[in-house]
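The structures considered in this document are given below.
Two complexes follow with subunit A in common, the first pairing it with subunit B and the second with subunit C.
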Partner chain A sequence: MDNRSWKGWLYLLPALCFLGAFLVYPLMDVFIYSVEEGYNSASQTYFGVGLYNFSYVLHDTYFLQALKNTFILVIITVPLSTGIALLISAALASVRKLRELFQTVFFLPYVTNTLAVGLVFMILFKKTPYSDGLMNLLLGLFGAGPVDFIDGPYWAKMFVLCFYTVWVVMPFKILILTSALASVSQTYYNAARVDGTGRLRMFTKITLPMISPSIFYLVITGFIGAFKAYSDAVALFGTDLNAAGMNTIVGYVYDMLYGNSGGYPSYASAAAIVLFVIVLTITCINLLVSRKHVHYV
Partner chain B sequence: MKVELQHLTKIFPSRDKKGKDVVAVSDFTFSIPDGELIGLLGPSGCGKSTTLYMLSGLEKPTGGKIFFGDDDVTDLPAENRGVGLVFQNYALYPHLTVEQNIRFPLENRKGVGKLTKAQIAEKVLEAAKLVQIDGLLHRKPSELSGGQQQRVAIARALVKMPKVLLLDEPLSNLDARLRLQTREEIRRIQKKTGITTVFVTHDQEEAMSISDRIVVMCAGVLQQIGKPQEVYDDPVNLFVAKFLGTPPINMFRGRVEGEQLFIGGDAVLRVPGVRDGVVSVGIRPEGFIPEEDGPLLCKLHNVEVMGRDVSIVAENDAAEAPLIRAIIQSDTRLNRQADTVRFRLKPHKVLLFEPETGARLRFGEEERHG
Partner chain C sequence: MDYEKLERRARLRDRTRKTLVYALLVFWAVLVLFPFYWMLLTSVKSYGSYNSEFIPRLYTLTPTLENYLSAFQAVPLGRYLVNTVVFTLATTALMLVVTVLAAFAFARLNFPGKDLAFTAFLSLMMIPAELVVITNFVTITDLNLRNTFAGLILPSVTSVFYIYLLKENFAQIPDELYYAAKVDGTSDLKYLWKVMIPICQPTIVTVTILKVIECWNSFVWPRLITDDANYFLVSNGIQEIRENGFGRENVPAMMAAVVAISIPLVVLFLIFHKKIMAGVARGGTKG
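Moving on, here comes the complex of A and B:
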């Protein structure tokens, strides 16, 4: 090792120490827990090493429900929120008057507490013996019957969860996309106009490729964020998510550690590893897809 | 396609309510004959780019009309105007290859004008060959040099066979050598295609060298239109005289007494037809002839040899700039060790102006043209 690279590693050392202590070590630890069968946290003992924890988790109906919920959440909210954010940002970019006001309004949810927002959503959607909630009032106007969104059928609860998630993640996406759109030089649009380009074609052939790195960033972080969803579900349906049938993978991990039926760090670790593998796979697929469609200039 | 501007005016409203509106282009009237190359020339901020953008349809004029041939295109949006525009920074789409960039305008066509893939490919290749970039079709703009990007931009503007080709400071991003080369190239392409072309520049040498006609602008107002040599030899005012020519025209404070022009104490030239009074005198660098008994006496500063010709740098108390510059042929005999130098002046290289307004004062017209 020559002198220079030795110095380089020295400079990296503080960061490496922190990464090692708080990222690599816990990750390895979780992996070790996940293969220790019958681990008891009080006595720090276990029977043996194997894949039983994974088998248990993957056969647990609560986990499978959580897996299903999480996947539905991801598949619906990531494209939807990114798409809507793109539309809103594009609209924001084309208005002159009151643009700042709109930007503030759209950004407000970002600085609002998740649980407080969840409470508001609950009030909007919850059906109580005294009131059907605002949403049901609106539905009633269109002749649709009252639906209990919070304690009612599965699709209704999933709808509220998706709605809520999209609403919560939107501000950040709008923020990123607005700045991305603003960074596209007007001369490209001028050039396209002079060449007789239609509006839609201008958007798909110029705007989208030019802001593709930002969109890609949002999709990747969106996927990861949605896979790790938990607090949103708690805000809407309370802490007993298994009973509500609205648990998520992270929720399942939490329950296995600290919930009423908790105290199983091995199962929790196995579930966490499963989540890790899923997120890793999806991110790799994203990276592969992006090679063709994302243009870094 | 003949292009005609009638009383074209563009006023940009001020940002705040108290500020004054900015008149970028004021009452601009001129017409461009079919197939000519016109150089719009002026210092930055004089409204030449605004004029170009109004021609392209990207800016809407505040007043006046624009005609392409017999068609009034004033209210026609840029999309339907059928012009080709080359931007100062080229505005090549960075995510598309050279070929895709050139193809872009053709793919916009719909309905009757829609082209088949084979037709598009053929036209793209034709345009690429015209600007000699057919070997670079699969590169991205970032992999090209400035000059190559410039050619791609021209190819993209030409591929749809525009009625009018507009170039906004097309050479300003190129280095000196490439600039010379490219301006010849633009001239060649323009002659070959015969497309009426307007190009904007602040570089008078550039405009003079390739334009059929130059249009000199200042502060939104049209100063003079004409063939480059005519405008150079016969500027209508002080601004045009000062703006054209490298090295620039030498300015002196002078006065006229009895049809005789004085610079300092020297009676340098007879100026028939000019009234007595103070005048601004402009003398082109090539208007000085060093002579033992020449009337204009200057202190010799130094002599610069540039091969083909020699530049005499001298001082004169009546000059507006500290140094004046005369260009003479290198075979002219000159005593370089002398402290002073005397010049005779070529009458047609001496231009007189009203000191306040800068308006041209003409003298001896009948003599000169007779």
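Moving on, here comes the complex of A and C:
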């Protein structure tokens, strides 16, 4: 060791301060909060230590509603968005003209503000006394009656939420899959063509196995992202998600922390840990499944 | 065998396939662009003409800019924009200093416990923001930093992923350059500033842009930490406008506000789209 060996830590110091204060300490603290029963944020006192907070959260109807909403959202949007992204990326890979233009356009939603564009979606789907809204007009062309997608029936609201979520996550998925498709070596296709292989067979036997690590990556990050859905719902239905019946788990955590129903960091912590356990479990299952189906080159 | 017939059939099938593919691409492009078109269109319709259209029209013959005036006058949209610019610039600048120094330490310096520290850093990437936001909220509240820029900025600074990205790039610079600089008596900091940063400029630009996008769109943390409209960022501002902005539902003015807060990022994207897409493809996820 030379004399400036400890200087490295000096360079790390700012990062360590920030990470320690706002990432490591809070991570430990959240577990402490979650077992402090009857914590009062004003006096900073609590009655005892136990699992009551978890029991409270798991019996709260708002939490159960949020859990149901989140699971429906995950189950619908993850396969749907991955499937559509695969279709679009395959289409993109097969054309040469205008490819870059399409790629750029498809990526645009990534950089836009979720809240701002969500407002536009709300306007498009909302039925007001002045107008049925553009979507209802389109529905009318097919003979379907006007539906209020924002304040109406549960499945109408869920449809808009899923639609908007897919719209928001698509750019990232298309980008990842397009670069994965571009990296598949042409030699495989040439060899298959010599053997007279059909297009569909080439896709399922060459393309899919070759890009399976990327698909798998998208499925995992898709599950994680969809379980943490929140801003999209706020953008469409406003900040009082419980009243709209469209709350998500993350929304429940924030509502418990702050806002009209807030001031309960213990319940918020318990709910956040429940969410974390769910995400961890799903990710582990994904990893196990992928061992069988993903081909790493 | 009628080769001509076979060939013609093959060409026809090829053309149908191409048409279908382009139809799909155009369809998706319309789906992506339509909300943007709609916000632009609605923002130039006058309040009266928007509300008189029971069937919304897809174009307007009398565009007006009055909505932009009311967006900036009736609600403090200008203030939201300034706040967001200050927040974005300060957070990004702090992030760059912290990240560059940490990446330099990991990539270039030798110190006891380096490998262990790097592994610990990497494992931090797995901590979900939702778990730590609760304590951060309590910390900032206890420090009386609610409704301040310090409270907004400090917890948003670090990104472990960017340290990793930059460290990988720094590590590609050949050691010989470092030793040559050492022989000339260059200090570590000067070497970092004069050699490493210029060489790795593309990565640094990418990291900067990604952070700017993330800051501009951040919503959850600002919402928790500010309830004074003087400190709202654009996301919270738009939510405020929506919930109790222009009195009666003045949709055109809302859309003008939405356009105003979307333009900076869209312009940034049009200039840097190659860099942004390459950066995200290397492992970014949406905030």
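The rule is short, and it goes like this: the second predicted complex is superposed on the first by the 273 of 297 C-alpha atoms of A that agree within 3 Å, B and C clash if a C-alpha of one lies under 4 Å from a C-alpha of the other, contacts with A are read in each partner's own complex, and residues count from 1 in each chain.
Throughout what follows, contacts are C-beta pairs under 8 Å (C-beta built on N, C-alpha and C of every residue); 3 or more make two chains touch, one makes a residue touch a chain.
Remember, predicted model here, so these are calculated numbers, not experimental data.
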Side-by-side fit of subunit B and subunit C on subunit A, or clash: fit
First (subunit B), second (subunit C), both or neither touched by A:Val169: second
Touched partner set for A:Gly152, first subunit B, second subunit C, both or neither: neither
First (subunit B), second (subunit C), both or neither touched by A:Gly263: neither
Subunit B versus subunit C as contact partner of A:Gln103, first or second or both or neither: second
Touched partner set for A:Ala191, first subunit B, second subunit C, both or neither: first
Which of subunit B and subunit C A:Gly245 touches, first, second, both or neither: neither
Subunit B, subunit C and vertex subunit A (Cα centres) - angle in steps of 10°: 80
More subunit A residues in contact - subunit B or subunit C: C
Overlay on shared chain A, then closest C-alpha pair between subunit B and subunit C (Å): 7
Complex interface listing, subunit A residues touching subunit C: 1, 4-9, 11-12, 14-15, 18-19, 21-27, 29-30, 33, 41, 87-88, 91-92, 94-95, 98, 102-117, 119-121, 123-124, 128, 130-134, 137, 167-170, 172, 175-176, 179, 221, 224-225, 228, 230-231, 234, 238-239, 250, 253-254, 257-258, 265, 268-269, 272-273, 275-276, 279
Subunit B partner contacts - residues on subunit A that touch it in the complex: 185, 187-188, 190-198, 201, 205-206, 209-210, 212, 295, 297
In the complex, subunit C residues that touch subunit A: 18, 21-22, 24-25, 28-29, 31-33, 35-36, 38-39, 42, 51-56, 97-99, 101-102, 104-106, 109-112, 114, 117, 121, 124, 127-128, 130-139, 154-155, 157-158, 160, 163, 188, 213, 216-217, 219-220, 223-224, 234-235, 238-239, 242-243, 249, 251, 254-255, 258, 261-262, 265-266, 268-269, 273, 276-277, 280-281, 284-286
Residues on subunit B engaged by subunit A in the complex (per definition of touch): 56-58, 77-85, 87, 89, 91, 93-96, 104-105, 108-110, 142, 156, 160
